[in-house]
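Below, chain A partners chain B and then partners chain C, in two separate complexes.
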Partner chain A sequence: MAIITGTNWNAYDASTMTAREIYGRTLAALAEHNDRIVGLTADLEKTTAIKFFADKFPDRFYNVGIAEQNMFGIAAGMAKSGLIPFVSTMAVFTCLRAGEQVRTDIAYQNLPVKIIATHGGISFGHAGTTHHCTEDFAVMRAIPNMTVICPADGIETSKAVQASLEIPGPVYIRIGRGFEPPCYESDAYNYESGRAITMHQGTDLTIICCGIAVLQAVNAAKTLAETDGLSVRVINMHTLKPIDREAVLQAVTDTRRILTVEEHNVLGGLGDAVASVIAESGKGCVFQKHGLHDVFATIGYAEDLYAYYQMDANGIVDKVREMLGMEFEADENWDDE
Partner chain B sequence: MSASQQELMTAKLFFNAAFPTMQVLLDDASKLHKKFRRFQGVVQFGAKDGGGLLCCHLVFDGVKLNVIQGPAEKPDLTLTFSSIGKMNALFKGGLALPAIKGRLSMLPNVLSLLMGLKIMTKPNDKLKTDEEKYLKVKCSLYMITRALSQYNKLGDPDMQAFCRQPDRIYQFRVENGGDPACIACYLRVNAGQSKSGHGVYTRRTPFVLFRFLSIDGALKVLGKECEFVEGVERGYVETVGSPEYACYLNDFMAILQDMLS
Partner chain C sequence: MALQTEEKRRLQQIARELRLTIVDVMAWSGGAHIGGSLSVVEILTILYFKYLNIDPAHPQWDDRDRLVLSKGHAAAGYIPVLAKRGYFPEEELKTFNHFGSPFAMHPDSNKVIGCDASAGSLGHGLSMAVGMGLSARQLGKDWKTVCVMGDGECCEGSVWEAAMSAAHFKLGNVIGIVDRNRLMIDGFTEDVMALEPFRTKWETFGWHVIEIDGHDLDALDDALSYAWTAQDKPTLILANTIKGKGVDFMENNVVYHYASGDSALCERAKASILQG
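For the complex of A and B:
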């Protein structure tokens, strides 16, 4: 199978390209070497950035209109006939509106349909609850045969898209709206589906996270090291299913305190996946799940929402201090320097 | 005749934001630093406004400067303009003569320091040395962060609305020659309060980071050789964090720059 070697153009441009844009370009590059790849979208050619593929391979691209359920059914048929469909639409339309088709048409037959779900979590915050998607991890994790991935940034999205070709069954890759700052400085790191990546070493506590929370957790770990002298490990659990059990249990052994952070309802997502691993192991640790605590998110710009729900670096810092029983000494001098 | 609200706000911003920036010149401008090493005294700047006087005074203790709002008890030198409009005109680079009283021997030093602030409006192609480039960037960023905070404290309703945010840091950082924070300052806001500060704020991750990739790049953006967005495209500056709030802050910076230059 042809895999593009190196994505230097991604690394170089990652700061100016959205994750979905990098996805579109990666797909177009992959398709040059693999004529089984086809692309589908439901009237979101530009929004999901699959247009980069569509521009290059118009005969292998299908815009089915606003008909997500049909689209996943069509993708299943294409996969059944030997093609590898990459299907792009918003996360909420994938896991809820077309949930049955994803489950029965695709996953039940273990077909190699690669789903790139954009605008995941609350990244499209100002579009309102209809466009938020904080249930997809729970839905997708519960569907047999489905691999569930949530990359940390555009570079990792590119790697996940490339790696998805090596996975025989269906893959769900959840990304944001774009505009999220890059987490990785280059693509010179080893990415393997199902294998977590340690982003920051630490021994006091481990933050296990995915998606946009990874960069925030890394920044939080740096702040905690600098201001509190805390040693916080950060694990990028980009693959939620199958989860890297070894990394979770090693963190429990090494740090005894685990905080999960995800842009998702805390029910059924990464936190529950990690909790299951820990509970089944019989090991004890201090454990907290952080994300949306069983609420529909309010409406607003993504960054405002991340701050409001304490999913930004500062919120994570506060959560860690809370777990460790530490108080933050506020700086209350408001005189200008 | 009383000054308009706009003139009054501009004058207060000069007193509260521009004057404290003189400390940068006293610390980092080699000629001025030398000139003020043994300089002592109190200098009052003011302008008549209706029946009253809007003023502040500068207390010099060598190169240490303290800017205090309001009249001095016993100023060594006073410079009083006949109107706030005229005083603002002088600070913006125009011509206006104040009434001068007191120790005239202090005047050359005080004027040279006042003129030193003009570095912020000096065209980039007229900056001859690296020191001048450094000073322009540092003074501009220190002044703008302080002006943003003062704009809130002086009661501008839009700025006050902007500052009603959770605890957030808007960090400005200039990199140069491998130094990641050759010049750094920040604006902190929290529930309507604001504070400008120097250096890198380490207790919180910035909500928005304005990262200038070199002094030359910063000069191009601050000197309005290119628009901010163009500066991002050309790689002179990058913003990390909320793009919407970066734009809001940029709008306030543009308003203040128009008022002060």
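For the complex of A and C:
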């Protein structure tokens, strides 16, 4: 059966589409109802799939050539003039090559520029480190006014892109290369920016994750239930900033063990965001961050890399088992039970 | 066509008053980029007091012309122009750089009324101006966007990315002005990183270039009146200027890129301006 996503004004079969394509089609559909939307890319019209918008609205689409700094500056000028630019290039060129334009021209002026950054993490593994991006969460989280989102799949990308219009300031949506399997079976769920989604109920341990790790974590939780009799909660923290503190603290209270999984360096990303919430709450728990452990990834196709870096379901199962043997010193005054 | 005598006298008077205010701002703020603020005075004066279609009572008026000061460090020259044009009382300039002031060394568009773009990191402004030019076309508006750049910032590659795109998109509604005062922090542009043949660079990037004396109000008037009617090509006004213009001991003196001044120095500077 086809998986339907997008909107009630246009339906897509997400099972045959990449997240990028769903993004491009969603944007094209949104633009029908909002003539302030314009699209920009830097010679990655096809690669980022903003082409679907471009084909429909050629006079609202700007390809600036291979010039990311200029592109984000132009987007700032357009937003200053009342337009709503959706800008797409690869994640690494967004947060590093044009990082200062994103920070100074867009975020500092608090402009409604919606950035859809593709090829995040190690999704373009075989391209090598120049085209990986395991630093963007850290960079974008540290920029004031910026909302940071990493959807779990194409369906959620569509929802995030639609929701970004409701956010007055700049939004950074990080997606992958697009060949990731869908996580959701349909779009019949409630998506709200800044509100985490519980994907799997559990009481023994909680995996807090985003992006491609969500599906893997759900599969890991199912495996652990079957083989180890464990009850593992999976939280999809699609919005890294502002983070859903309530969901984190509830998980600490309920499960006392937290594992974060992200396709990012473990420094500065989702894991650190969750760690801050826990540390500031004063609650104790067993806590581990999982992702790229401060290394540039090796070369390989994404699926092989996810397996190698233990970000697939098997790897996550192993991580969870390791954590069950860990102890933490409960505070004598622990009183939130 | 030259400016009418009376209009020219009026603009000259405004420029002289602005130079005096810039010296005051240097004192009030504790230090300012005075050299590059003094070199851009005639450029900003004729724009704000003759060319820009703006309404200080409605700073966010949709159809206004836009000005992006890409050489944001000249805030000490730019913010006083906005005050003089009536966006806010000149008295407020006394807060420059002070805790909680809307006015800093580099302008913040969310704090400075009448400022169309935050700037300070060099090489950013022209891209934003291109975005504004494209927006005018997209929205069917006929506003102009002027981007005032420093010459030193043209070392930044992003300037040329933007220059290329303005020509590619045939943005006749975008006007670039380079305040060519030939000095950057570490010395003369041609010694630190040569820009010449500078005019040729802009021409080969697809711009119509008009080279003038950037302190000559008649020449500025001619260049701007041409640029205002341009259609299918962006215009670059290469305005040859003198860094520190109007204060004899600051002119062409790299020491006065950024300076603070005690009252004696300020008095000397003002005396020089009044003599000029």
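Convention: the second predicted complex is superposed on the first by the 314 of 337 C-alpha atoms of A that agree within 3 Å, B and C clash if a C-alpha of one lies under 4 Å from a C-alpha of the other, contacts with A are read in each partner's own complex, and residues count from 1 in each chain.
Methods note: contacts are C-beta pairs under 8 Å (C-beta built on N, C-alpha and C of every residue); 3 or more make two chains touch, one makes a residue touch a chain.
Only a predicted model underlies this, so the values are computations on that prediction, with no experimental measurement involved.
In the superposed model, A:65 makes contact with chain C only, not with chain B.
By the touch criterion defined above, A:219 lies against chain B but remains apart from chain C after alignment on the C-alpha atoms of chain A. Taking chain B and chain C in turn and counting the residues of chain A each one touches, the greater count comes from C.
In the superposition on chain A, contact of A:105 is made with chain C only, not with chain B. Chain C meets chain A in the complex at residues 62, 66, 68, 108-110, 116-118, 120-121, 123-124, 126-136, 138-139, 145, 157-158, 161-162, 164-165, 168-169.
Residue ranges on chain B touching chain A, taken from their complex, read 16, 20, 146, 149-150, 153, 166-168, 185, 193-198, 202-205, 207, 238, 240-245.
Interface residues of chain A facing chain B in the complex, by the touch rule stated above, are 15, 179, 181, 216, 219-220, 223, 226-227, 301, 303-304, 307-308, 312-314, 317, 331, 333-337. Those residues of chain A whose C-beta lies close enough to touch chain C in the complex are 38, 59-60, 62, 64-65, 67, 69-83, 85, 100-101, 104-105, 108-110.
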